[in-house]
Amino acid sequence: MSIRELREAVLEANLALPRHGLVTFTWGNVSGIDRKEGLIAIKPSGVRYEDMVATDIVVLDLDGNTVEGSLRPSSDTATHLELYRRWPPLGGIVHTHSTHATAWAQAGRAIPAFGTTHADYFHGAIPCARPLSAAEVEGDYERNTGLVIVETMGETDPLAMPGILVNEHAPFAWGKSPDEAVHNAVVLEEVARMAWLTLSLNPQQAPIPDYLLDKHYLRKHGANAYYGQGGSR
Amino acid sequence: MSIRELREAVLEANLALPRHGLVTFTWGNVSGIDRKEGLIAIKPSGVRYEDMVATDIVVLDLDGNTVEGSLRPSSDTATHLELYRRWPPLGGIVHTHSTHATAWAQAGRAIPAFGTTHADYFHGAIPCARPLSAAEVEGDYERNTGLVIVETMGETDPLAMPGILVNEHAPFAWGKSPDEAVHNAVVLEEVARMAWLTLSLNPQQAPIPDYLLDKHYLRKHGANAYYGQGGSR
Amino acid sequence: MSIRELREAVLEANLALPRHGLVTFTWGNVSGIDRKEGLIAIKPSGVRYEDMVATDIVVLDLDGNTVEGSLRPSSDTATHLELYRRWPPLGGIVHTHSTHATAWAQAGRAIPAFGTTHADYFHGAIPCARPLSAAEVEGDYERNTGLVIVETMGETDPLAMPGILVNEHAPFAWGKSPDEAVHNAVVLEEVARMAWLTLSLNPQQAPIPDYLLDKHYLRKHGANAYYGQGGSR
Amino acid sequence: MSIRELREAVLEANLALPRHGLVTFTWGNVSGIDRKEGLIAIKPSGVRYEDMVATDIVVLDLDGNTVEGSLRPSSDTATHLELYRRWPPLGGIVHTHSTHATAWAQAGRAIPAFGTTHADYFHGAIPCARPLSAAEVEGDYERNTGLVIVETMGETDPLAMPGILVNEHAPFAWGKSPDEAVHNAVVLEEVARMAWLTLSLNPQQAPIPDYLLDKHYLRKHGANAYYGQGGSR
């Protein structure tokens, strides 16, 4: 993949955010990585989606040095970098303030797996990170956001749990490509909405049993997946 | 009806799902049946609605053998087949993960008939099936989903109760044609939303009395129906 | 106003319902009256909005006899007739199953005046009628629906309370013209939504004081109204 | 800025209200001020957005005398004037009845800062004014609405708290320009919606700590802001 293609893919994924109703104004950003070249492409900070073109997308190395582009990268860049460094399978990362997922993050609650819609994409409850301390917020804030995500996920396979809630803040989602990351961010928002409604109908609702969680997750993602036409999704 | 016409009708009904806001991505499928030929047409698995054409629609016999089409049929095909075999009046079946109906399914609650909107289409509470056991999930899962729907419905006339909630999962709806099945799926979602709001305004709300349920259902569907212009709806 | 003009106005008002998101499929109807001729024009029963033309609109006298049009009038016609006979100032009537107003009707609760949005149009709580008895439902149902609306309103000025909730059913709204009736139906739905949200933020919320209710209602509707450009709204 | 340009900016800002889903019918108004000339431009009262042109926008001096325009200015003009007189940094003011912010106003509750979405724009809880007394409502009502806003804000910097809830009524928002005022009204509505959802997931949820509030607010607005491309937002 050339830098031009990476930028195009990241531009397209960013433009998909308003199309899916996930962002208000400029609240959201998508990045992608070319693992071979060690290059990351990310949305510029505070630029309106309707004005954005491929050459606005900023290209950085894994240490955050700008390689191409004249704009300032997203203020959340250090978070993205931390996640790419930790998890080699990641090809794209999304951050949004989508309404329902943000409400769960603000309530400081993990989203339980209440049904098969959830289990088709997230192999268990979608975790909510602990709040950052004063020192973490006042220090290298965006990098510390990445570190607390990594701490919360622990040894979980990031492709089996392709999203998380940052406490007092909003969701991050990821995938093998920028496009798949956006797909997972859409699902996270819809699953958050359904789970909120479920609790309002039954505040004591328990999550689905593991055998149903496994069945649905593996029917779409395991070695013996039988959903779709044999492609990756 | 030729196979071509059946495929066209099923394609149209599938395309109506995103138009009515019932599906995210590829989460939903519609099938239709030609009872004379014993042939079922169903959406292919994991294909995007925006790309779908009539020849993508898979044609099967009632045992699930592909008769026409090169794609894999919906992963929920075995559920559809079970329902067509059980109920000869069914001409179309829809499965969606529409937001509010899915929340009721996730909460494991039947939707009470709280008003005439409900009674115009569903002659009583919309049932929620029992959860599947581990053995049922790990065995022939999609067929067992069909069997638990049949078990829950019992001797109920499927045209007087044209939808159900699969516990921990999402709704199915049906009708005399693929188009009517989609119509009922739209109503089920709207009725689920109104019932959720009703309970949030009055958690102890009782269902409407039988005489009102009968009045509305029969004014649209009975032998003396006087709604509409004399057609079937 | 000629019959042609009345039909056109009623057609336009009916087409405004889906545009304002107040109806699913054919669930809703608007009528208008020419008081001089004593003629009512109303939507035909069960006809899709996208297919409707002015000559589909049925013209009736105040006893419900068809004067022009070959289609069957709305099944709710007898309700409309009862209201026109009772209140000479009415020029248009709307019935919808709009989501939030219907939820209040299903919960059997009047909508309290919680703020100035409400007070700008409805001079007090929007009443909810008592449920109909078995005899009323099994008898002349649609006419009895009109009678219970009239009973609930009592001596209230219908132009100062241009809508009501029919228990276990859905809202009716009205105005000096079909267009104004639709306008009030839109406001009723929005006020119902805001009131539901208000109660979910504060279940004990009291209505606004009479002096604020009067101020807002009269600033728009009284003899000394100073909202707008001097027209009727 | 010429009067023509001021009117154009105010027209554009008014037309943005329905585009952002903040208004039903004519419920909302935006004004702008030319501080050098001491001239205010504001939406005319009760005119439909789809029909509005720049010359409909009314131009007034700070005492409320019409300088240009033949229409009656918004009935809320006296509120706008009070705020412009009190706070020299204000360049634009918006009043809407947006759904979720209005629900908070009707519930008489300030919106706590539950997350960074809020903190990016509002430096603390968004206040709710006390209800107006009978004398205040029956007297110079619209001016008194302005005075209670000023009273509630006290010594707060209006650019660090660019919006407020008027009890029993609805929100006002403002900014350095009409466009920025609309931007803040959109954020206020979205923050109100997220906060409602947050409380429904956790009724005891506490606001975020001051160090996180400061961090986000200052990352976007302080002297050392590092969000965006160096412009004002």
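Each chain carries a letter (A, B, C and D) given by its place in the written order, and its residues are counted from 1.
Note that in this section a residue touches a chain if its C-beta (ideal position, glycine included) is under 8 Å from a C-beta of that chain, and two chains touch if they have at least 3 such contacts.
Since we're looking at a predicted model, the values are computed, not measured.
Asks: With chain centres defined as mean CA positions, report which chain is farthest from chain B.
Replies: D
Asks: At the place where copies chain C and chain D touch, is the share of residue numbers found on both sides over half (same) or under half (different)?
Replies: different
Asks: Whole-Å distance, chain C centre to chain D centre, using C-alpha means?
Replies: For chain C versus chain D, the centre distance works out to 33 Å.
Asks: As a quick test, compute the distance in whole Å between the mean CA positions of chain A and chain C.
Replies: 46
Asks: Mind pulling the residue numbers of chain B that touch at least two other chains?
Replies: Those would be 200.
Asks: Is the chain-to-chain touch network here best called a line, a ring, a star, complete, or other?
Replies: Looks like a ring, each chain touching just two neighbours.
Asks: Taking the top-of-page definition of touch, could you list the pairs of chains it picks out?
Replies: Inter-chain contacts occur between A-B, A-D, B-C, C-D.
Asks: Provide the residue numbers of chain C that touch chain D in the complex, in ascending order.
Replies: So the residues of chain C touching chain D come out as 114-117, 183, 186-187, 190, 193-195, 197-198, 200-202, 205, 208-209, 211-212, 215, 219, 226-231, 233.
Asks: For a test of understanding, state which residues of chain A touch chain D in their complex under the given definition.
Replies: Against chain D, chain A makes touches at 24-25, 27, 44-47, 71-72, 75, 97, 99-100, 102-109, 131-132, 134, 137-138, 141, 168-170, 196, 199-200.
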